[in-house]
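The chains carry the letters A, B, C and D, assigned in the order they are written, with residues numbered from 1 in each.
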Amino acid sequence: MIVERIESEGLAHFSYIVVEGSKAFVVDPRRDCEVYLAIARREGARITHVFETHRNEDYVIGSMEVSERTGAIACHGPGLDFDYGETLEDGQVFAFGDLELTALHTPGHTDESMSYVLVDKGSGYDAVAVFTGDALFVGDVGRTDLPGPDKRERLSHALFHSLHDRLMTLGDGTIVHPGHGAGSVCGGDISERAFSTIGLERLQNPLLRLTEEEFVKDRMGQRLDRPPYFRRMESMNLHGHPAMSGLPEPIPLSPKGFKAALDRGGSLLDLRTPDSVSGAYIKGATSIWLDGLAAYVGWLMQYDAPIYLVVEDPLQVERAVRILVRMGYDNVAGYLRGGMSQWLREGHPYEVLPTLNVHQTRDLVKQGKAVILDPRPGHEWEEVRVPGAMHVFVGELQSRLSEVPSFTKVACMCSAGFRGSMAAVMLRNLGYENAFNVLGGIGAWKAAGYETEE
Amino acid sequence: MIVERIESEGLAHFSYIVVEGSKAFVVDPRRDCEVYLAIARREGARITHVFETHRNEDYVIGSMEVSERTGAIACHGPGLDFDYGETLEDGQVFAFGDLELTALHTPGHTDESMSYVLVDKGSGYDAVAVFTGDALFVGDVGRTDLPGPDKRERLSHALFHSLHDRLMTLGDGTIVHPGHGAGSVCGGDISERAFSTIGLERLQNPLLRLTEEEFVKDRMGQRLDRPPYFRRMESMNLHGHPAMSGLPEPIPLSPKGFKAALDRGGSLLDLRTPDSVSGAYIKGATSIWLDGLAAYVGWLMQYDAPIYLVVEDPLQVERAVRILVRMGYDNVAGYLRGGMSQWLREGHPYEVLPTLNVHQTRDLVKQGKAVILDPRPGHEWEEVRVPGAMHVFVGELQSRLSEVPSFTKVACMCSAGFRGSMAAVMLRNLGYENAFNVLGGIGAWKAAGYETEE
Amino acid sequence: MIVERIESEGLAHFSYIVVEGSKAFVVDPRRDCEVYLAIARREGARITHVFETHRNEDYVIGSMEVSERTGAIACHGPGLDFDYGETLEDGQVFAFGDLELTALHTPGHTDESMSYVLVDKGSGYDAVAVFTGDALFVGDVGRTDLPGPDKRERLSHALFHSLHDRLMTLGDGTIVHPGHGAGSVCGGDISERAFSTIGLERLQNPLLRLTEEEFVKDRMGQRLDRPPYFRRMESMNLHGHPAMSGLPEPIPLSPKGFKAALDRGGSLLDLRTPDSVSGAYIKGATSIWLDGLAAYVGWLMQYDAPIYLVVEDPLQVERAVRILVRMGYDNVAGYLRGGMSQWLREGHPYEVLPTLNVHQTRDLVKQGKAVILDPRPGHEWEEVRVPGAMHVFVGELQSRLSEVPSFTKVACMCSAGFRGSMAAVMLRNLGYENAFNVLGGIGAWKAAGYETEE
Amino acid sequence: MIVERIESEGLAHFSYIVVEGSKAFVVDPRRDCEVYLAIARREGARITHVFETHRNEDYVIGSMEVSERTGAIACHGPGLDFDYGETLEDGQVFAFGDLELTALHTPGHTDESMSYVLVDKGSGYDAVAVFTGDALFVGDVGRTDLPGPDKRERLSHALFHSLHDRLMTLGDGTIVHPGHGAGSVCGGDISERAFSTIGLERLQNPLLRLTEEEFVKDRMGQRLDRPPYFRRMESMNLHGHPAMSGLPEPIPLSPKGFKAALDRGGSLLDLRTPDSVSGAYIKGATSIWLDGLAAYVGWLMQYDAPIYLVVEDPLQVERAVRILVRMGYDNVAGYLRGGMSQWLREGHPYEVLPTLNVHQTRDLVKQGKAVILDPRPGHEWEEVRVPGAMHVFVGELQSRLSEVPSFTKVACMCSAGFRGSMAAVMLRNLGYENAFNVLGGIGAWKAAGYETEE
């Protein structure tokens, strides 16, 4: 018996494959599903089922892809009318050799949310593990706001009961396999540790110590971002989508070919780090550093245009493509061969993003020559901020552009410089020639001993 | 924070690497240690410590190899005078970023046995996991017979207290990472499941339900094999050994070169399956099928002569080499290029191992023309056997040769045919031309509806 | 500029990828085309063209697969009405950066055969390499019998002129990249060396020293096998076929499931070596050792039934699948999990293939108790044979069954024992209980000093 | 028979492995020699010999490493007293199955230079290939200046005769396998094409069309750089060196640890591209972009201090380590974990490298406010340059610092911006606060239509 957790980089999405003898099943697979097939192949097993914990919002689920390759059946929770696969009932049991998997209806995050309880009959009838999807995370629980404000209170109550009446009764020794880890947009404060047990959560998860009233209040008060791309994911995961066969192969393009592709309406996505971007970038680029791609692309990129990439190293193309297809951006059409250096060598126009260090920034603000724009998400702003800074989340920057002053320098300052760079490039593309990135961000600001509010 | 379990094929030995930020440690590494280094490299971390749970008996520990490559410090339990590394005290604490690892003295399997308790200060101060070495397995506990009959009772009591007073008090939610899995020679009845929790063991581990008196009696009565190579492993693990640099590269040899090497005193090790061996094998070969290599080589092969391999497929050479070096057989000198077919094509002499099916076997026994020799280990014999069969464990066959009748056919019959083949080849090498392997073994015997005793 | 030769194992088929800057093309790709894509990806290049040297007969060409993945255009020679891609004219030129590729019509093997001449304008205008397909091999030339007896003489003349008037005039320094290497069924006596030059062929290729008259006579007299599957390949390569997306994933089956699949009409293909087969095999199996799969499967396996595999090691499944799909056997449906040992352990019936060594064989023949059946292809028989042996090529054995004596032992003897095993299993499946395989074959026969004719 | 060319990235060094049956040999191996062992292992062959074409100057030869791992004998040309291996005589013959390798003394590049001629007795006795080391390249021939000015004329004559009397007489169809490809510091104008034949070189190599007098004059007039590290390589390759066991594993360091290591005397090597460097770099860094590492590190880095790396992506660390050890920089001690971004986030000081575009540069020069410093090697400067620019090769910049004006802006401008960046960073480290890099370099300058001299 093998249980392997597969993490989708950037999304902090955890999927699982369980192999017992010649049979295997997958929980919440990602679209680039070769990883599950390879494990099954290595073990001489066949994937017969895909269990979805819920209609996911933050990525395109890979059930269609796994089914297409293996013939596995996709299984959903009850209460939502999926256009593919089968709908399970609460308590439905599946046998995989000595293993028994029981579907446990645990609504709250959504109405159709399911957990899956694993029993190893070889050793007894206690739950050895549970796949909790977005109901229970390590140190956190699921959000209840996504299905809509009218359902939120009802779902918060439901989640309380799913947690206390169903999951916490499984036994302290039951291992918890959640749907997300730290950094996911699906949780506010998930632990860096990817694994836990019911017993550990009972002792350490602050949300599980609340009364029902406190719990519902907490959930109702939670302010998490809802990136605009969620709606598209929900629709694709409900209605299904054509199974992707192989990853897209973006075409290497010369600077001229790249320029022509952009002129034909392509979207330019620059995945380099802020120090590179400040050296030179192409006007009009959406700038998201590679490690931040999963978190920000859904806020900034449209789905209709083909995407053309600028990367530091061609080895990064595949990583970028994987992240993009998991979020439904299948049309990754090309990349700039030879990178920015080749672009520069051929004499194409470029922009420089001027940067400030924290000392310069502070001086300029003091002298009234600059304002600080903080582009971080709301919850980070609430934790710590620079006095006097204005807060406009980078995901909303375009729609709140009128709030950004044009008469003075705008020092975009995030925690380290990544999102500051994103914001400053965006502002410059929109005509704000006075936008700067603050290298080092609040990290360097604090290291310099300058004042912050918490 | 990452915890990865690495299994050493065949030995069912579990080692672990834990990475937290830029630091990492390894528990009970194997000698071919590139796997740990690759994980550390991937995570941008440095392995600073190797924690040994005890002086292992069944494999050469890779602490020297990891230390040589990374500078990590090897840490041992107290009470045994290791010639390398550092000796820990009970309760000694190590910090790895947010993680805290506490050495917990848990004698019983041996006097210096240590467990290591992991706390994740990011979430609280409860034990999130414990590395239990050979104290606690999933569904089983450590054996107490290895240090010697005079110490056995004392160690059995010690183990009881280590389990109940130290490990079981960690909290039901603590995840258990044992030193071995199912199939290890270090446990009698370890579960197929590789992971567990204190809570699950409390509910499901039969050894933990015994009183101290019952427990000690059980341990004293346990009859497990002690392969002769254990002594060598103990010595190497106590005194250290030169760190292996890279895996041995057995030389591909033509049939002529292979023969010459054997004539110069090489040991011939045939790793093919019983059906292949029955077709043709080279006289004098020690026959152990590849998947059984780890379990049987320590019984059958001497350490002094260079080893020459016969395999089905050259891809299997590396797998064999890994298993052999883990058990201290570093001198894997060559393999037969082109396999048995090339040997045959060049007209070299070979033997055929005649086989019997279960129907033939039964008829011969009934007619008094054959005896069944069961070469399986004692504990398997105790579980099920064919009435009238004689039992000589293959590991002891050479020393108990006088018990094997020479006047009649000897039908070597194990559970399926693997060990029967080993035994029959060994008998034939020793002059028993009347030895046969029973294909399908007791499995097929039962499938045919023939009688067994349990 | 990169030229890489990719060999398709077993078929001795050579395909090529040429990369120049951001562009690449492929010559005669195989179906499992990931290898070309990976090279192009590594080099940051795009495959824009597939050049076919002719309608191949011995494998399914991968042009559809490459086109599907990359958008490349498939290019054919003139004179045959392909249902896909584009037809080239003699002398048509393609530019890839500094490279120039010229299509050179070189009929003879077939009417539409093309060679492709590469010029590197960076260094001059001489031909630096030529892709000769099945016109010119290292040490051999193409066969002219495949399009039909009525065309053979005309094509032999055409080939002479293609060689002498077109290829040999390219310059002695031109590197020759042929379509096949040693072991291909497309040539009689291709060199073991995979590369050559026009100059080397002029000096060393015996076929190029003949006058036109001698040459045509030689070609007309050539007796090469034409496996029945050629017709299917020709049709698929002419009319196209649905592009394969990913390799088939044969399902691991338990012995019971395997048996059921066979009972439902599956074909059983046993890929183990003769020594394994002689130990135990399943009645009805087509036995072809893995390294001989490409050479013999097209003679022995039908295309209509799903194929179920028996292998020595699960690692061999993928290798087998690749060979099979290259020959159009896409329906590789399953394999026996746990191999023959599992089959035996569960008590399923099996057959033993008795073997003879060469000494036994010779004695039996002398005593009139056995005949030797030589199952090798005609050209091997012509090279060397055992006096008194009867020759029935294994590919024709089923249709010439009436020639095989049933009153005496039939000792199937090939060069080493592989094809003897195939033949003996086939005979036993057809009711010849007197069929044996001679281990070591003619190789061992000669090594023993017994008589042969040459 | 297999011949594989292995290119060492950056050095444009070609090594070769030849496998024939169970034997293999290597020509001019690199130190990270796993690649040869893996090929030999895959083919079931043993590497028995290493043939060195000469005492290499531009990299540490891997003969010691291959010998250590395989027992192979290192073979050198005559006339130099190597401290390891064996010295061959002209005409000495080695047999590898059907292959025959003949050592051919071809002095000129050095006195002990050897070529190795391959004959395939399976097809005839003509030379099928020749390994020419640094005697003959594709489109070029070896330099004769390295052993010293007093020997140069004599060696130039010797090279002429080695080429015409020995190599060119091998036959036009002989394939040429040279020791270097385009971009090597060992040749001035080597073709981009990595393979050739004697016939092609006869037609296309301009050096082979010269008379002896012209040839010697040409060689005597050749002006190629001689990086200072050559002397060290020559010594290591003559006297041998301890075989490297495994690649160095640089330690991931936090910004603080990184700073401390530098303070203890470590050398800082920044491998990022110019756009990144211009955004932020650490004062004191030697800046060489990764693809230029092999070409420039030997000019700029000392051998005595441990090296600490800054990279864009941790995946680049291994690539960098490989290049460095090939050049004898074994002490690659650490790298900055999290890259520059982490450095900035923690508030450590950094420098910005201001850049100019070509338009700004031209204006400044026109206004007398800047001079252009061209840091390219001499031969590039001779090909094309900007009128009025001053030329100081970056490898000599430190020793010619007094020539660099300090009263005005210094616009470092190379072909695209890579070496301009190197030079500008070096100048700034040395106190020239007026140094700038020109992004796009001469490439962009020409694209803008500005004047150049050729």
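General remarks:
In the analysis below, a residue touches a chain if its C-beta (ideal position, glycine included) is under 8 Å from a C-beta of that chain, and two chains touch if they have at least 3 such contacts.
This structure is a prediction, so every number in the text was calculated from the model and none was measured.
Using CA-based centroids throughout, the chain positioned farthest away from chain B is D.
Here A-B and A-C are compared, and the pair linked by more C-beta contacts is A-B.
Work out the mean CA point of chain A and of chain B, and you get 43 Å between them. The geometric centre of chain A is 49 Å away from that of chain C, both derived from CA atoms.
Annotation for chain D: no residues touch 2 or more other chains. Only residues 22, 37, 41, 44-46, 69-70, 245-246, 249, 251-254, 314, 317-318, 337-338 of chain C touch chain A when the two sit together in their complex.
Interface of chain D with chain C (complex): residues 1-3, 98, 120, 122-124, 126, 128, 138-139, 171-175, 191-204.
For chain A in complex with chain D, the touching residues are 272-280, 312-313, 315-316, 339-342, 344-348, 350, 352, 355, 357-358, 415-418, 439-441, 443-448.
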